[in-house]
Amino acid sequence: MEDILTLERVSKVYEPNITALDEVSFSVKRGEFLFITGPSGAGKSTLLNLIFRAEKPTSGEIYFEGRPLSSLKKKEVPFFRRKIGFVFQDFKLLENRSVFENVAISLEIQGIGEDEIRRRVLKILERLGLSGKETQPVRQLSGGEKQRVALARAIVNRPKLLLADEPTGNLDSRRTEEVMEIFEDLNAEGTTIILATHDEALYAERHRRVLVLDQGRLLNP
Amino acid sequence: MEDILTLERVSKVYEPNITALDEVSFSVKRGEFLFITGPSGAGKSTLLNLIFRAEKPTSGEIYFEGRPLSSLKKKEVPFFRRKIGFVFQDFKLLENRSVFENVAISLEIQGIGEDEIRRRVLKILERLGLSGKETQPVRQLSGGEKQRVALARAIVNRPKLLLADEPTGNLDSRRTEEVMEIFEDLNAEGTTIILATHDEALYAERHRRVLVLDQGRLLNP
Amino acid sequence: MRFLKRLFLEFRVAAWAYFTATLVIVLGLAVFSFFGLVYSNLNYFTQKVAQELVLNVYLSPRITSKEVKKITSEIKKEPLVAEVRFLPPEEVLKDLERLFEEKELLSGISPDFLPPVLVVSFKDPFRAGKSLKELSLRLEGLPGVFKVQFAQSWLARLANLRRFLEIISLWGLFLVGLTTCFIIGLVVRFSLSQRKEELEVLSLVGATPGFIQGPILVIAVLQGAVASFLALLLVYIVKIYLDRALLDFFPGFQGGLVFWNASQITILISGVVFLCVLGSYWASRRYLRY
Amino acid sequence: MRFLKRLFLEFRVAAWAYFTATLVIVLGLAVFSFFGLVYSNLNYFTQKVAQELVLNVYLSPRITSKEVKKITSEIKKEPLVAEVRFLPPEEVLKDLERLFEEKELLSGISPDFLPPVLVVSFKDPFRAGKSLKELSLRLEGLPGVFKVQFAQSWLARLANLRRFLEIISLWGLFLVGLTTCFIIGLVVRFSLSQRKEELEVLSLVGATPGFIQGPILVIAVLQGAVASFLALLLVYIVKIYLDRALLDFFPGFQGGLVFWNASQITILISGVVFLCVLGSYWASRRYLRY
């Protein structure tokens, strides 16, 4: 199978002297389920941000479906991002909007019909145990509930690539199991998944490729 | 040993009909190390918020050192809060200020001398692996780094009671070990600790009292 | 339909910010248009007062009516002149008597001693004012003209007053205009900066700039239109009040103050709308992350 | 020392917000104080022009100087009167000649026909204006007074102009004042609402309201003082410019425009400081969580 994503000697340096990523190179095959792990501050979130083009690398190049991200024009960025779902570590939800609106937003921007949106959003909310919370503003949710809303928003539009940054950090073990099951289902349907986590239990016994980052360097390329 | 904290049939209802806590009663002895666990949305954070008087219970009474919190005047609240350290689940840091300033703030408000502040803050930052990050603004930190800053701020003024809401959710296992060690040390020095978490590994094999919340109700009072 | 819903949502989420921002714009604009009003009315008012000022051309006594006609047509050729009126000596005496408000004072004067007068009024007294001296010299050179005289001191005084008011109003208008522009821009920016995170998040989940800014810009248009309409309404109410108040002081006062005309109103409203849209556009653009 | 450090920190963290807020306040205030200035100068100016208006008391011809003295002292008793000047008939003729600007016109009039005149000037012509008619009737009743006459129409015209300007300036001042207060309050609030979370966090870690609000309020004081100082400076510069400009139009103009006096400046500055402090206090209080 061909590569959906390729990183070539990607570095990210924050001024003045923080090297968050140091010449990272790897490829991800279409349909792969990849774990990225490493201690706190290793550069996991930075790596996902670069892939999502929320930030630009200091040097090196990232290819998505064969196309270098540096060649993306500003106008193309939103359309590029629609192909990718991102569960942010700090959720990045619209705090004053309802749970439903937060999830629906990623379908609305694509001009999908209202009924279709309603059906898909309610289905995913139910699967994540958020039924009954649809109209509650996100700011009133518990930490775990917010995390699940962020997850719902990332997967509701069935992205080609799912980036999940610590998606179970606020969830109890039963919910974590459920979420991992959802990930496995999505992966089985063809979604490529990159999951950043420090929780060894998540990838243990799963026999997936695991990349280990430490101080911005890839320990097992 | 006498009770430092007593809850009597404490309920918290969010309008219109969310019962976050339902007649919870328990006591905490001075010097105890208590775990509160339960699934996402069980009411753990709500419980800690009520003890900290960030919110007021709908009914019931909370006694801290024998004094009912409902009798606290507005003017007394800040002085009450200084006796308690709180690691918030969403950190609640000053995003635009440096790591040092964020930790120092809880000493500054008490009018402690600058040298003393410097000494204590640097010591705790070192112990939490944040040396070298002192001048970095918090908004630039990684998730786990933020969590450790929040922790540092909560314990730097050696509170009588430490409330920790999911204090290791963003930390890798080695850091989690270190943090738990710090908690044990503090507890050994006499600090009462209430730690809310969904991570069973945290309290397994520790032989501490564990309260289990589910849908706002205490399963093992 | 869909867009309308999003518009409504947009408004609902930030209703307070939009409301206060609009209020500030209304007040700023009201001040601005009020002073515009003052400026144009002062202009109009002094103009009208000055209109009463005339040039008196004293003719030689016992001049023939043919000569008078010739001089009259001569004067009428001047581009500034609006009207020329002939006053025979008897009328001049009556005028003098009116001036002194008592006949006995002038009982020693007989009409024979008095020259007939041509009373010349001007289209634009203030513009005329500048070249009046020149003109009067020229007229004095005409045969049959005895003496040209005008209430120069009063005209000068009025003209000066007008210049003074003009400079002050223009400075005021400039200051108020600058402030209004600045405040509109800033308020729009402040009210959007409160939604920094929202805009950031929207741009991160793949919304196009058009999708995010669309409702914001449409609301900016509405905001600008509503604000300028309200401001004009407010000033119009003040104008009506002033009209009444003025009737008490100027018994002869008629027709009311001058208000902005249709094209000025159009310019004002579209200027404000443009400012709001531009402000919103720049402010919201800052928070998009592409 | 410690507090100063925190003050500096406070400023550093929110420098942009403080800077723009101050700028808005400066502009709003400049507009306000500019129009205050205009108002007091219009008052002063029309007052001065009106001062030139006098009441002419024509006396019976061939009146004795003793009678004149008696009438003069009689008139001087009136509380409104500033000065009484005696004009013998020869002077009256000269005045008339000056009015007509040509001796020949009045060649038929001999001084014997003309009465001597007492020229009465007033302390406050506009206040006098209202009771002038009454006064002139009373004076006419005095023995030896032939006729009382004054340039009523001009005085009335000027008085009306003044009333008109007064009403307009007062409305303007009111509108600008309201707007300025409102904008200061809002801008202070907006700039603090951007720091909502910071204030919330501080109150959650056990800081007292005094600790949190102290630097904010001190900065509000500085902000108000600096803003009103800059606004006054700006207006003062405009005033200097206007002084120069006015010299061109009013050749006799001297001494410059009236500027705010010390006590007015004090009131203005302390009012603004008060407004800033009050606004900051209320705005920051909203975000404390106790």
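Lettered A, B, C and D in written order, each chain numbered from 1.
Following the convention adopted for this analysis, a residue touches a chain if its C-beta (ideal position, glycine included) is under 8 Å from a C-beta of that chain, and two chains touch if they have at least 3 such contacts.
On a predicted model such as this, the values are computed, not experimentally measured, just so you know.
Listed by label, the chains that touch subunit A and also subunit C number zero. When you average the Cα atoms of each chain and compare centres, the chain farthest from subunit D turns out to be A.
Once the centre of each chain is set as its mean CA position, subunit B and subunit C turn out to be 67 Å apart. Centroid to centroid, with C-alpha atoms defining each point, subunit A and subunit B lie 29 Å apart.
Between subunit C and subunit D the centroid-to-centroid distance comes to 22 Å (mean Cα coordinates, whole Å).
Look at where the CA atoms of subunit B average out and do the same for subunit D: the two points lie 62 Å apart. Looking at subunit D, one finds that none of its residues touch two or more other chains. Multi-chain contact residues of subunit A (touching two or more other chains) are absent.
If each chain is drawn as a node and touching chains are joined, the picture is one closed loop, every chain linked to exactly two others.
Pairwise, the chains that make contact are A-B, A-C, B-D, C-D. For subunit C in complex with subunit D, the residues that touch the partner chain are 20, 23-24, 27-28, 30-31, 34-35, 38, 41, 45, 49, 58, 100-102, 104-105, 107-110, 113-115, 147, 149, 154, 157, 159-161, 163-165, 167-168, 171-172, 175-176, 178-179, 182-183, 186-187, 190-191, 193-194, 238, 242, 245-246, 249-250.
Within the complex formed with subunit B, the residues of subunit D that make contact are 2, 6, 9, 13, 197-198, 200-209, 211, 289-290. Residues 52, 54, 74, 77-79, 81-82, 86, 88, 92-97, 101, 105-106, 108-110, 114, 153 of subunit B are the ones touching subunit D in the complex.
Of all the residues in subunit B, the ones that touch subunit A in their complex are 14, 18, 37-41, 44-45, 89-90, 129, 136, 140, 142-145, 147-148, 166, 169-175, 198-200.
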